[in-house]
Amino acid sequence: MNPVWRWFHQLGSPPYFYRFATRWMPWFGISALLLTVIGMYLGFVEAPADYLQGDSFRIMYIHVPAAWMSMFIYGVMALNGAIALIWRIKLSELLFLSCAPIGAMFTAITLITGMFWGKPTWGAYWVWDARLTSELVLLFLYFGVIGLASAYDDLRQGARAAAVLALVGVVNVPIIHFSVKWWNTLHQGETVRIMGKSSIDSSMLWPLLIMALATKLYFVFALLLRTRSALAEQERGKQWVREAMVEAA
Amino acid sequence: MLQAESLTCLRDEEALFAPIDIDLPPGHLLVLEGRNGAGKTTLLRALLGLHPLTAKSLHFRGTDVLRERHALCSGALWLGHLLALKGDLTVRENLRYNLAIGDEDAAEDVDELCANLGIAGYEDTPTRSLSAGQRKRAALARLAASRRPLWLLDEPFANLDGPGMAVVERLLATHLARGGSAMLTSHGVLPITLPATTVRLEHAR
Amino acid sequence: MTALRPYQALLARDLRLAFRRRADLLLPLGFAVLVVLLFGIALGGTPERLAPVSAPVIWVTVLLAGFLSLDGLFRPDVDDGTLDQWLAGPTSIVGLMYAKALAHWLLYGVGLTLSTPLLAMLLNLPVDLLPVMLAALAIGTLGATQIGIIAAALTARLRRSGILLALIVMPLYLPLLIFGSGAVDAVRLGESPKGALLLLAAQTVLLLTLAPPAAAAALRIGSDNPP
């Protein structure tokens, strides 16, 4: 068997994944934290203020990476949902379930930072901008997945039902985004973008890229953390969990 | 008709009962015994694909059911705890719908069926206004009307009085005489005298 | 036409069951009129204020009224064992979902669309907008029914589903609402509604291919843990 495939197969086994998560989780967590500190420093202290928007534009160093993550995580979640539905892999169900709250958090951060940015820029906390509106809908898609999964008594059934919903969402997210954009141009014409078409100075770009990497690493950290504890809880009667607990104590 | 080797149902990936072997030839009756919660109902559901099961082999009239579930779904008739009757529809409408949904034709005239089942005169009564025993008989009309070779009956004697049980026995006897087979669950002494093989579900260790 | 017999039987059964309880069929309409009444009162009731918002209000009202019928879509079939019989039988569940969706649309989508002139009258909708409104609603409710059967199938085996059902359905309704009320808006602004109607129809066609298989998959979940 191809070594990459073998590694994936191994990763699917609960004890192996548990050990893998325990070993690698701290590295992802620490590097995410370090990069966040560096990115924040560069973005909020070092980078020059925007000549049009002043200091308020600095919130984009949080807003934009969070917005990227909100969509990226939905994709990862749906992919795990599909794997869980097709191959009925227990670990995929848990990964799927763990993605939803992290994604919802990033979506909420996107919305909140967008509102704080909107007040000085547009003069209102909320404007019906196409991207912000799509983010709001995305937040409710996440809530739907979380709500449906937790409504089932049986964890695995809940995960599978929510996975069907997430896949329906994947097909609909582009349509929702397109329809909102269509609606937006119909009613208000183009609005101001947080990232204009003008080229960005590299002193502004670097912090953004660092923050983007930091959020990715944080996502992996949070995903491993959540899935690992969910796994231990679901398999609590099993021998390997008892051994792992003894080892940890 | 139905042959299984080392068959058991799975719950949370663990065996629900000690694996059983089944050999049910045409014209025979098989009785599943076991305590409450032993997995009798679950076994019937699992055969129809409503619950995960595992087996070394499972064949229905020569078809490997583990690969081709559809053969069993179209060849078996299942009567569960829930009777799948609509209270707002009459006995006749319920029967007609239940046959059509499985794309079957009634073997006999509906009035005649109802007479045989002891609910003559109720053909056009909504099942909502029937008693529990009468509703059960209305559901049994589905058996009488069908020509499917394998019957899977979950507690077919529940809610029935003495004559009602005799009706079930008569239905079973006719079905077996035609070369059909039946598998039924029971947790007590069977109120019938038909010859039957018994399989007991024991706790998996 | 024996190949279609099971699906015809389900369609006929659902329609017959609905007409056995004719009064219940009027409930969504009653609900819609009540919502329109609340809007009319809140907006002051003058034609100048009502007319510009009447089309979007009708759209939201119809979607909400249709939504209320979703909880009863599969729950009775779960409770009396009918659903398990479908899953245990030889008939295609996807096909049954098409029959189920068609019945629901005929009962609620068409019913609510036909009652729109009444709502339009109450809200002073300009008469020249009525044809495009009816066309958009007829297409849009068919799409909304498809979203509805997915959500209803996902929550069918839960003890209660009220708010959760709304949480699942409403975000997915959004494109239908946008294109549907966009078509009416286009006519109001003196433009052709063709673009919006085509987008609405495309969305509905997509849902028609996607929703019944998704609903069928959703109904299988949970069969291994009967109530």
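Going in written order, the chains are labelled A, B and C, and every chain counts its residues from 1.
What we mean here is this: a residue touches a chain if its C-beta (ideal position, glycine included) is under 8 Å from a C-beta of that chain, and two chains touch if they have at least 3 such contacts.
Bear in mind that the values here come from a model prediction, so they are computed numbers and not experimental data.
Nearest to the overall CA centre, using the mean of each chain's CA atoms, is chain C. Farthest from chain B, judged by the mean position of CA atoms in each chain, is A.
Centre-to-centre spacing of chain B and chain C amounts to 37 Å, using the average Cα coordinate of each chain. Averaged Cα coordinates give chain A a centre that lies 32 Å from the centre of chain C. Centre-to-centre spacing of chain A and chain B amounts to 49 Å, using the average Cα coordinate of each chain. Put simply, chain C touches chain B in their complex at residues 2, 5-6, 8-10, 12-13, 16-17, 20-21, 76, 79-82, 84-91, 96, 223-224, 226. Within the complex, the chain B residues that touch chain C are 45, 48-52, 70, 73-74, 76, 78, 80-89, 93, 96-98, 100-103.
Here chain C touches chain A in the complex through residues 150, 154-155, 158, 161, 163-164, 167-168, 170-172, 174-175, 178-179, 182, 185, 199, 203, 206, 210-211, 214, 217-218, 221-222, 225, going by the rule given at the top. Of all the residues in chain A, the ones that touch chain C in their complex are 85, 137, 140-141, 143-144, 147-148, 151-154, 157, 160-161, 164-165, 167-169, 171-172, 175-176, 178-180, 182-183, 186.
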